[in-house]
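The two complexes that follow have chain A in common; it is paired with chain B in the first and with chain C in the second.
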Partner chain A sequence: MPDVRIGVYVCHCGSNIADKVDCAGVAEFAGGLPKVTIARDYQYMCADPGQDLIRKDIKDHKLNRVVVASCSPRMHEPTFRKTLESAGLNAYFFEMANIREHVSWVTEGREQATEKAKALVAAAVARVFYHEPLYERFADMNKRTLVVGGGIAGIEAALKIAASGNQVVIVEKEPSIGGNMAKLDKTFPTLDCSACILTPKMVAAAQDENITLYTYAEVEKVEGYVGNFQVTIRKKARSVDMDKCTGCGICYNKCPAKVPNEFDEGLGMRKAIYVPFPQAVPNKPVIDRQNCTYFQKGKCGVCSKVCPTGAVDYAQEDQLVTEDFGAIIVSTGFETLDPTLGPQWGYGRYDNVITALQFERLVNASGPTQGKVVLKDGTVPKRVAVLHCVGSRDLNFREYCSRFCCMSSLKLAHLAKEKTGGEVYSFYIDMRAFGKGYEEFYNRVMEEGIHFIRGKGTEVIQRAGELFVRTEDTLLGKYREVPVDLVVLNVATVPRADAEKVAQTFGIQRSPDGFFLEAHVKLEPLKTATDGVFIAGGCQGPKDIPDSVSQGAGAAAEALSLIEAGKVKISPVVASVDEARCGGCKACLALCPYGAVDFDDEKKVAVVNEAVCKGCGTCAASCASGAMGVRHFTDEQILAQIGEVLAV
Partner chain B sequence: MSEKLKLAFYWAASCGGCDVAVLDTDEKLLEIAKIADIYFWPVAMDFKYKDIKALDKDFLDVCFFNGAVRNSEQEEIARLLREKSKLMIAFGSCACFGGIPALANLYDPEEILSWVYSGSFSTVGKNGTRPLTRVSVPEGELTLPEFYTAVYTLKDFVEVDYFLPGCPPPPELILGAVETLVSGVLPPRGSVLAPDKTVCDQCPREKQDKKVAAFRRPHEVIPDPDRCLLEQGIVCCGPGTRAGCGARCVQANMPCRGCFGPTDGVVDHGAKLAAVIATTATSKDENEAAERIGQIVDPAGTFYRFGLAASLLRGKSLKEEN
Partner chain C sequence: MKNGDFEPRIVGILCNWCSYAGADLAGISRIKYPANIRIIRVMCSGRVEPTFVLKAFAEGADGVLVSGCHPGDCHYGEGNYKAYARKVLIEKLLHQFGIEKERFKLTWVSANEGERFAQIVSEMVSEIKEIGPYRPPRERMRELQPGAGTPPAPGWLAEEELETAVAGGAVAGE
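== the complex of A and B ==
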């Protein structure tokens, strides 16, 4: 190894660091550290003159290692790595000491801050001594994108990518695309008919030659890595030949088996062979085998007999197809909290307590009552209560705010007023009208004569056949029981029940609330821990329609920026196995969150797929043989760093 | 080789098992005797320290030093033998990493002395008598070695040329080491004279993904003889312990206790063992994971059973000797 020559640069960051840290003192201290050839302090290392300083010193002083003491590596590590590269040094001969976020911004007193900065600089110098040159590699990028979940976010993403001329496949587990938005009657704040604005997009997706729809299908397995995913998709047996079916509807008109309709939130009935809703895309039926007389009892066969094109195919089986994709957009949406979890809300115990989505179906012209808001006994309610925050902002259920329910509750209150002409009560904690036109909508609904009660509707009780909503009216400062005929629970938005399975399939992490976790809460809302896998819409957290659409379009941009680049960069900071040392205990295999570690049955050693590995180090930490290591985070480097931090 | 090898054996803080291991080479010991002369072996032969002191520097070819260093006498002899030997071999787990005696590093010397001289149930005459390093009697001054604040490895005091781990080192490994030394083709100084693989590599049991639902002690279960013991919930140190023993314990349905220490790739044996065992008990539910980990009896004694003196923290508290 040639003589190690380290340059140390202490940044003032204007006054951000220099106000608390004696930068010149730290530089002087660094100058006396072993192997340090030159140490300087400077106003702004990240600015061009600062970088030029490094480049010049590399040339003049033959530096082969560089330490910059400044901000977080999350900010400027890429900047300085490029500086080294432009001066002909390997980018990984660089180490950053964070003396801003870790020192000047959080340390009391100039003396302590300066001492701490010295310790971190000494640690960085000790570490960089052991750095090794590492090289980035590139892999080809498949230009096809997989969109998982055909709600509004997924549809938007697919349309945007298709418009660029690239191929998209949408996998939707229901028989039709459309997602939660398809169930809504109106949308706030404009009171547009939800179907009227959604169905053109659904139809456009179906007609786009660059989009392939796999409805009634689910992703079984994802292998590979960014640019080169191999995805196995289960196309569930529809029992209807899609090519022969014309969507005439005779089959479901004649089908004798009736079951509660999921699309109407269980309020209406559908047949065993059905399309979920009139505007479904594709508008072709599917047989629900669990409830089909033919499949359960072996006789009936009415649908097959009446079908004019012979499209009904009872022998159809699930099909597994494996296709290649370069990027994946997961837009699997959300569910709503099971309202029976809170018996105090009365759902399931009293007849006329329903959820917000059930109310949407009631007011919808294609819903079970053709748009009439009626009680169980068929009469029109005179008093309707809309409860906000049912299970949201509630430590017993979900701590978070479900974000759009204030606005959707206002919309429901408006619709209830419009449809019943009765008294409408809105029980709220605070009114969160955060979006464009939302406050105006709130004002409008207030003017409609809705009774706003500032208090959470905590309990629904029934006395002598009459429903009462209990609340603490915080404006009046007293408990109230408000008699009503119909209670609408705007229940919390929650992750889908299969979120964990989906997360594992795609290598996505989840935040404590159970939603999918983005790479950075502020700056990377669409990326995930797995390169090439993006998230959009309600699967990431509660979102209203415009936000979901924006995220869908954003995720499309993420995918397209990979596709257009044509190649994907593979970081060299990955795990590697010393095969001579690995004992083959297999402890690391199941631990890898990215499925990057495999086992070579012949050599009996672990193997790392470098393109999949993110360098998180879980395997290396667990590897008791010491065979597994992470490049750029070797024991030698880390111990040298810790040693200096503790020594100063 | 024209001349016979000149050997010395010494035992410091140890149980004597390492000396027995030398005898365990059975009739092969006689072959060793043909090619070697033994100059010092306190457990078997009558030599005095003065005999060693009288030797020239580097007179001995090889010293096999077993046992950890716990008191001033052991340090003195370690230094003496180092001076007189061309090659110093840390023989057995105690000399290599502190071994069982180093578990005493979980206690202060005061705690140890107080237990031994007044606390323990078998102590007779609990009058607070404590050993002194010096005492004057009419006949003159009597001395005892100084009891150190901690147990140390051999390497902490003298340069060690080779390490031969094991509690005790198995006969095949001892004979292999002797053959290597006789051959004259020596591995790099500081090498461990055992493979740089883990026990799992020599273990014939079938291994799958490691997910442990509950930890059990060996006497609480009858293990499946063909499956990985760790996967059956028995804390086995095999994944993090150097091979060379032939995986004898695991083949007798007993988990690996870690006596061969870590591979060359590991800095702190116990920390690594704790890490790998902990990962097998992972659960999405924090309480469940805590409950599983709680089932591991005496984690410090389990993971640092042999390696405490050579670990990063070295014991309960790190204190420098005066």
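== the complex of A and C ==
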């Protein structure tokens, strides 16, 4: 091995590090460490002059190892690896000491911070001594993209990718795509009808030859890695042969079994064989086996008898298919909070307390009342209350703001006024009209004569058959009870009930609020912890339609930039076997979560399949003979680091 | 020994995807915690060998913190379960070496739990301050006066504990 010559660079990061750490002192200390040829401190190592400094030193001082003490390697390790490469040095002869996130930003005292920084630098120097050159490999990028969830975000993503000529599959768990937006009547701030702008997109997705729709389907398993995912999809039995069905609708007109309609939020009834809503895509029915007389009692069979094309197929079974994809976009959206969790809101206890989505269905011409806003007894309410922030911004329920809830509440107030002509009361904490045209919309609704009461509607009570909303009117400084006929609860936006399972299936992390976690809250809003898996829309947090659409398009761009590149880089950080030491015990074979370790029966040693290995190191950690190692995380490297991290 | 001015030194071995990122977040959010911990990054908590922990104590650590993703969140599926199974083995090993169990911790910290990470470190530092610096058993035995007590008895791995350890891959082979 040629003489090891290490260069150490201590970054000030402006004052971010230098305020707490004596950078010059750390550099001086590093200069005295074994094998260190040169040690410097500098204002901004990641800026061009900083990188030039490294490149020049590599040349002038014949450095063959570099340590930069600055921010987290999760931030700038790739930057400095490139610097080394551009100077003709293998990128893996680099190590970073994290003296910003793990030192200057978290430590009170300057002395402790400086000492800790020295320790981390000493450990990095000890480690880099043992580094070996590694070479990135490339794998072909599968050009097909999987979109999970066919709401507006997913549809937008699919359309954009399809327009580039690449193949997309949408997996949607409901019988139709459309998501929450399909249930809305009008949309703020322009008040254009939701179906009018959504339906063309749904139809375009169904007709696009590059898009395949799997509705009534869910993803069971994801294997592989960016560029080459193998995804197992369960296509649930629809009990209707999609090829034979013409969507004529005779079956559901004749079906005798009636069930509360979930699309109408339980307000109307549907049949056991049904199309969820008139504009559904695909517009073909599905049998809800739980509620179908034939499936529950073994008799009936009306739909099968009346179907002119013989499309009803009771014997149909779930189908499992495994397909390959290069990138995955998860756009599974959100749900709304179960209003019965707060008995004080009166939902489920009083007839005329409904949720915002129920109200959307009431005002909708294709809804259960053909667009008439009526009370349980069929009469038109004279006084309507719209409660903002129900369960949002509330430490007892959800701490966060549901973001579009002020705007949708304003929209509901406007619709209530328009449809009933009565008095409308809006109970709000503060008004958040943040978007383009939103403040203007607020002004417009105010001029319509709606009563704005600045106070959270905290309780709904019923006295002598009359509903009252209780609030503390913070402008009057008084407690008030406002008598009304209908209460609309704009309940909080919450993660889907299966968010945890979905997150685990796709290797996505979640924020404390339960929504999916982006790779960086500001700079990487669409990436996740797993390369090649992107998120878009309401699954990442409450979002209105414009934001969901932008994210859908953005996620498409993320996927397309991978597809266009054609190849994906595969990290060389993988396991490797020292055949001379391997005892052939096979413990690693069983431990590998990817089945990446095989056994060579002739040589009686373990063999790593590098294309499949992801470098977690579980095998190495349990190898009894020390034969199994992980490149760039070898025992030598880690033990050297542990040895020196305590030296100061 | 007076523990008042004792500053324990703790080695933290953190998985890249959750806990290391969580520690980064503590920094980004400028949450202050004691400087007693020095962090080393591994890709997954499943990479942590019992040897790493023993090495840290041999080098004079007063405590070792291993941290990975929450159960179910491991970037590689189940590396953290392997770490959990090895915990049994490590605890037994430490017991046999006469190292107090408070000195070793395995925790789960997600990429979003900066505050939790800072809290775990703070708690561990004060716990270890309580029990004092780590001294190798031999040193302590030498100090023991005749009749002042018996050296810590070796603890053996119980059958069923061995089984969990083997199933989790903590022990290779038979």
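The rule is short, and it goes like this: the second predicted complex is superposed on the first by the 480 of 648 C-alpha atoms of A that agree within 3 Å, B and C clash if a C-alpha of one lies under 4 Å from a C-alpha of the other, contacts with A are read in each partner's own complex, and residues count from 1 in each chain.
Here is the rule we use: a residue touches a chain if its C-beta (ideal position, glycine included) is under 8 Å from a C-beta of that chain, and two chains touch if they have at least 3 such contacts.
As the structure is a prediction and not an experimental result, all values here were calculated from the model.
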Inset, instruction - Would you sort A:635 into first (chain B), second (chain C), both or neither based on which partner it touches? - result: both
Inset, instruction - Pick one for A:367: touches chain B only (first), chain C only (second), both, or neither. - result: neither
Legend entry - Residue contacts on chain A - larger count, chain B or chain C: C
Inset, instruction - Look at A:615 in the shared chain and tell me whether it touches chain B only, chain C only, both, or neither; answer first, second, both or neither. - result: second
Inset, instruction - Return first, second, both or neither, reflecting whether A:581 touches chain B, chain C, both chains, or no partner chain. - result: first
Inset, instruction - Would you check which partner chain A:589 touches, where first means chain B only, second means chain C only, and both and neither mean what they say? - result: first
Inset, instruction - Scan A:624 for contacts with chain B and chain C and give back first, second, both or neither. - result: both
Inset, instruction - Report for A:552: first if it touches chain B alone, second if chain C alone, otherwise both or neither. - result: neither
Inset, instruction - Scan A:604 for contacts with chain B and chain C and give back first, second, both or neither. - result: first
Inset, instruction - Could you tell me which stretches of chain A are touched by chain B in one complex and by chain C in the other? - result: 583, 585, 587, 590-591, 618, 621-624, 635, 639
Inset, instruction - Write out the stretch or stretches of chain C touching chain A in their complex. - result: 9, 11, 16-18, 20-21, 23-24, 26-28, 30-33, 35, 38-44, 46-49, 51-52, 55-56, 59-61, 69, 72-73, 75-79, 82, 86, 110-113, 118, 169-173
Legend entry - Of all residues in chain A, those that touch chain B in their complex: 578, 580-587, 589-591, 604, 618, 621-627, 629, 635, 639
Legend entry - Contacting residues of chain B [partner chain A, same complex]: 196-201, 207-211, 228, 230, 238-241, 243, 262-267, 272-273, 275-276, 279-280, 282
Inset, instruction - Would you pull the chain A residues touching chain C in the complex into a rising list? - result: 72-74, 98, 100-103, 105-109, 112-113, 115-116, 119-120, 123, 500, 503-504, 507, 509-512, 517, 529-530, 573, 583, 585, 587-588, 590-591, 593-594, 614-618, 620-624, 630, 633, 635, 638-639, 641-643, 645-646
